[in-house]
Amino acid sequence: MTALLESRPVADEERPAGRVRRPSVARRVADALVTATGKVAAIAVLLVVWEVAPRLGLVDATFLPPFSTVLDAWWELAAGGQLVDHTGASLARSLSGFGLAVAVAVPLGLLIGWYQPVATLLGPLLEVFRNTAALALLPVFVLLLGIGETSKIAIVFYACTWPILLNTISAVRGVDPTLLRLARSVDLSGFRLFQKVILPASVPTVFTGIRLAGAVSILVLVAAEMVGAKAGLGYLVNASQFNFAIPRMYAGIVTISAIGVVFNQLLVALERRFTSWRVPVGS
Amino acid sequence: GGAETRTLRYQGWAGDVTLPELAADLGYLGDVTLEWVGNTTSGPQDIQSAATGQVDFGGAFNGAVVKLKAAGARIRSVIGYYGSDEAAFSGFYVPEDSPITSARDLIGKKVGMNTLGAHHEAMLGIYLKRNGLSPDEIKKVEPIAVPPVNIEQSVRQGQIEVGVLGGILRDKALEKGGLRKLFSDFDLLGAFTAGTYVFTEDFLRDNPGTVRTFVSGVAQAIEWSRTTPREEVVARKVDILTKRGRNEDPAALRYWKSNGVAGKGGRIVDQELTLWVDWLAERGEIAKDQVTLSDLYTNEFNGVAA
Amino acid sequence: MSAHIGFRDVGKRFAVRDHASRRRAEFTAVQGVDLDVERGEFLVLVGPSGCGKSTLLDLLGGLTEPSEGQVLLDGVPITGPGLDRGVVFQQYALLPWRTAQGNVEFGLEAAGVPRRERAGRAREFLDLVGLNGFEDRHPHQLSGGMRQRVAIARSLAYDPTVLLMDEPFAALDAQTRESLQDELLRIWRRTGKTVVFITHSIDEAVYLGQRVAVLTSRPGRVKEVVPIELGDRVGQVDLRSSTEFARYRHRIWELLHDEVSRAQQQEKEVAGG
Amino acid sequence: MTALLESRPVADEERPAGRVRRPSVARRVADALVTATGKVAAIAVLLVVWEVAPRLGLVDATFLPPFSTVLDAWWELAAGGQLVDHTGASLARSLSGFGLAVAVAVPLGLLIGWYQPVATLLGPLLEVFRNTAALALLPVFVLLLGIGETSKIAIVFYACTWPILLNTISAVRGVDPTLLRLARSVDLSGFRLFQKVILPASVPTVFTGIRLAGAVSILVLVAAEMVGAKAGLGYLVNASQFNFAIPRMYAGIVTISAIGVVFNQLLVALERRFTSWRVPVGS
Amino acid sequence: MSAHIGFRDVGKRFAVRDHASRRRAEFTAVQGVDLDVERGEFLVLVGPSGCGKSTLLDLLGGLTEPSEGQVLLDGVPITGPGLDRGVVFQQYALLPWRTAQGNVEFGLEAAGVPRRERAGRAREFLDLVGLNGFEDRHPHQLSGGMRQRVAIARSLAYDPTVLLMDEPFAALDAQTRESLQDELLRIWRRTGKTVVFITHSIDEAVYLGQRVAVLTSRPGRVKEVVPIELGDRVGQVDLRSSTEFARYRHRIWELLHDEVSRAQQQEKEVAGG
């Protein structure tokens, strides 16, 4: 659950001062336990507060039921198989939209970051769209694309595009000029320049955008599934709220969050594979 | 023209069994079948989908129908499907110990409701006007949008002085006690139909037979739920909901009391729409001559009411 | 036959911001450079730090353009980089995400060497620079001298006709340096490459160059081109101790000495247009 | 209107090949014209399509009225002074939430990026929140913070935090290790290490996050002003949509987009001041 | 009095990935290093490329820790960096967002020099390294040698008691180099600093060092420490041509020669634990 932090490989020489040889097995197990405790500590505190506050009447239990009640509702949904249906429907939308966004925004970002004419031409248009709320565009999407899957995937796609695009552009502009000189000196051009220098050099920054987009792809479901949805976690949240099934609503929210966290973990793992060459930076 | 379509695409409401769905289950729709394309959470969105051909019919409160018509959409109401009566109404609630007891007390106060510019705001306006407040005084009453699930709690916490509650929200809030009704739409206007189903003019022209079957079937369903014991209606609805397997929770259905439809078989009367035309014109949202009443609705497809 | 490489009255100015006025100003790095290099020649450039040696190499590499004059390759003005010219940059320029092997292969890929040949060829040249066993290290796992050797291996491996080398041996110990000097001479002799080589070491200049071009201090111009006639270096024993060698050494030292004094004088003044 | 592209300073030596001296004045004016044309071309095409498509009946003019109709509605709102009110209310919320997010997320990101223990402790919690939809949390915000300005600003703050946080963390982890060695060698520690090395080195990447957040701060208004709002552009969009005042709705959307674009331009200008030392990278 | 700096049986291993097995392996960079440096001494380290010189300097600077043994400063194990030790890195390490002046001031800020004194002091040391007029240039606007001089100015300006210099003059032309060598000796003489200096130039080692430590090839150990007794260099005319100088020169050359041959031999084998 380290996601946001993508805990870096600690190289030997980066170990904190004062140790000479490898720490003993006991010490290492103890370290691991401390770390594990740290990792769950904050979450545990959150859950305890969530459980206790409504029970003590600090917040209205009707609107913020104790965590255990939400868990019950979650189990019920899970046992009834509904959770699987909702999750499946949502994931299909999220992943399609997200995949499309990666496929479009990374190449586009590379082009815009690199070719000034492309930036001049497309920049203003993209800038306007980037600053147009997906939520406000919901009716337009529905109008133009219908209320079926197309418009829902399009919204996910739309929302995921911007963080990837912006980070990719920024990554390209941040490539070490020395490496560009090298690439130019061997007359790399066009596609191969991107493939062999700009893309690998950009990977870390692009991935930050991709991970932001990964979260967005799940988050935007709540909006995307407001209209014409038959299933989905966003739909579950909306409908539960509408029907005053508060514990279910929270069960839906929690599931969305959990999926978001897992998805992010996967992206972090992928990122690590691609950036294993990076020199570890540590305190 | 050619053969009429016998399949009607529509949007449902999660956790609810709508009248057309009930009619279909009761066998009132004959060879007309319903095709569920998904759920919606908003009446205006539903009739917009109907107007743009995403679905074949949609329902919303009549104010929205008037506004959509005024905006230029070629739609027409064919049958009423919900409204207010003594069982189904929207109440304006204050805490039990609130000093607010009359319309005049609302000056400078906040009234929370799920959406602005809709049914509830209109009811508030009519209430204030009927109780003798001047337009300037009315402006000092502050309607405010609050998500439905937050209304009760906002009233109790004093963030708003009045909250509008209906249906399950009202029942759940009243179960807990501590709230007092200031007035309701039923108190104000008596039983009346508040929302209607609409089709596009084109659809009505091309598929009159289908529409007739549909409207008459829904009308029959209205009458069936009016004359059948409440428990039986609820049981039937729960049964439908369970059978169709859309991953819904039947809990909310048990709070059903009445459709609130006033006219027999959902018959629409002038007054139900002129109310909104007048109100919207008064607010300057539409010009009075922007809609003609005869274009707004028709009962001609309603075999039960005609 | 005209010269292989020709500088014709070449000048290069950079835009800089003037401190006092906070306005854009121009800074002249090199000016009025005229220089010819024959095909297959080994030319060494020496000159005070900051006199414009790297700038001249950049111009030759097609990485920047002259503000004035022309840089010709076989009589045609250079308009951009090309695989015919290979550059060893003063600051190595290794791709941090590739291993030593991968960095050498980079040049081979660019040159279109078939995939199956690359690994072998990269290994061969890493061997040549004494990096056998370090093929899989990433740049941050190599010492300074090792990084420089990777860059050298890269430029040699893809076999350009013109080699442009900017202080390639600066970070190497004397012995490694001498052995790579001999290796470079052998390769040059065998392949007939044209080499333009920048160094700060007068010994190195005399040992390697057929001609040594001494540049003036800023703005750089060619002060004198000294032809070195020492015959085949690799064959001779202890050439560096010969009197002839010392003579050339002294000549270049003199030429440089004045310039460096001038440069140091100049740097006391404020830089600018 | 170059925003997304932050057109970089073209250094002398980066000019395209083939020119020897400065181009003539006429040539430079012509160049500027071509660039300006390029910049507006795409937007112009969009507007023309928007104007013509509804008029030709390609889309339903009721729900996507021609641009000129939207412009009329916009003028009406502007002339009536309502636009100023809405804009003022929205800007106050957006800027407060955005400012708070910058103030919180940048230092937090620096800490998380640098101190592994902080990352271990806070990471999982932040990760969970990051993956919880602001829209789904709307009722919770209202529950805990009421329906006043606090909850609206909180939503903006919440949504703006993540891009800044993620980019800051990524920036810290990407700082050139050579510079860190330098900083450690002069025994910089704690605050000064951040101030003098990590922060300046991170500026470009952090700014990408800030610019994403800038857009988000405006975009999220549509959601934030669903609740308890009496004014604001998001409110205008929501209310108009609900009331089928379609041209007004688009007028609101267009205004939001325009403000987003302008805001972004300001951020780009700011970014440029902070990163003027960067070596220009160009095609 | 015990030694100012002491290496006690110091070893340093790095984690690397073994190519063949794709498993983590350990690579020994230096091993069993024993070396003392007196307070105020000028010690030069020479050794084949990749033998571990920079690693030893990192250990002294507190930038990395020994895998074995101890590095002592005044008898206390070094646990981290400190302002008492100033490092000139092999790769300059300039802050790209600061000007030359700003980079020199960076060290002064770290050392807590009052704001109003910094500008003057930075300018003074930029002057010293011949960069008058270039104060406002950013690193990418400077030549390689100029960058190195900025790094040197930075380390001198904030006046640490121990100077750790990793090939600081490698990118400089011979004349600039000689003048900075003299400057460094003068500063050293005047301030009584302890200097540990890495170089690849035997001449430079002999000219600067009171003692020259010759390292073996990987894993680096101290092969021999040669005391140089040439008296005060700066006063003497053409010291480099003296026979004594040549004798030291030759001695170190010999010591190195074997090592480099060994190193080259080693590098033919596969690197590893």
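Note that the chains take the letters A, B, C, D and E in the order they are written out, and that residue 1 is the start of every chain.
Definition applied: a contact is a pair of C-beta atoms (placed from the backbone, for glycine too) under 8 Å apart; a residue touches a chain by one contact, two chains touch by 3 or more.
Keep in mind that this is a model prediction, so the values were computed, not measured.
S.K.: Which chain's mean C-alpha position is the greatest distance from chain C's?
M.R.: B
S.K.: Applying the contact rule given earlier, which two chains have the most C-beta pairs between them?
M.R.: After counting contacts between each pair of chains, the winner is A-D.
S.K.: Using CA atom averages as chain centres, what separation in Å is found between chain D and chain E?
M.R.: About 47 Å separates the centre of chain D from that of chain E.
S.K.: How far is the middle of chain B from the middle of chain C, if each middle is the mean of its Cα atoms, in Å?
M.R.: 83
S.K.: Quick check: how many Å separate the C-alpha centres of chain A and chain B?
M.R.: Their C-alpha centroids are separated by 39 Å.
S.K.: Which chain D residues sit where two or more other chains touch them?
M.R.: Within chain D, the residues that touch at least two other chains are 60, 63, 139, 143, 177, 241, 278-279.
S.K.: By the touch rule stated above, which residues of chain C touch at least two different other chains?
M.R.: Answer for chain C, listing residues that touch two or more other chains: 14, 80, 91, 140.
S.K.: Send over the residues of chain B in touch with two or more other chains.
M.R.: Residue numbers touching two or more other chains: 42, 48, 52, 147, 149-150, 153.
S.K.: Once bound in the complex, which stretches of chain E touch chain D?
M.R.: Touching chain D: residues 61-63, 80-83, 85-87, 89, 91, 93, 95-98, 106-107, 109-111, 138, 140, 158 of chain E.
S.K.: So in the complex, the part of chain A that touches chain D is made up of which residues?
M.R.: Counting only chain A, the residues touching chain D are 1-8, 35, 38-43, 46, 59-60, 63-64, 112, 114-117, 119-137, 139-140, 143-144, 162-163, 165-167, 169-170, 172-175, 177, 180, 204-205, 208, 211-212, 215, 218-223, 234, 237, 241, 249, 252-253, 256-261, 263-264, 278-279, 281-283.
S.K.: So in the complex, which bits of chain A are touching chain C?
M.R.: Those in contact with chain C are residues 178-179, 181-182, 184-188, 192, 196-197, 200-201, 203, 275, 277-279.
S.K.: Residue numbers of chain A touching chain B in their complex, please.
M.R.: It is residues 60, 62-63, 80, 82, 85-86, 139, 142-143, 146-148, 226-231, 235-236, 238-246, 248-249 of chain A that touch chain B.
S.K.: Could you list, by residue number, the parts of chain B that touch chain D in their complex?
M.R.: Residues 42, 44, 48, 51-52, 64, 67-68, 70-73, 112, 115-118, 142, 144-147, 149-150, 153-154, 157, 159-160, 285.
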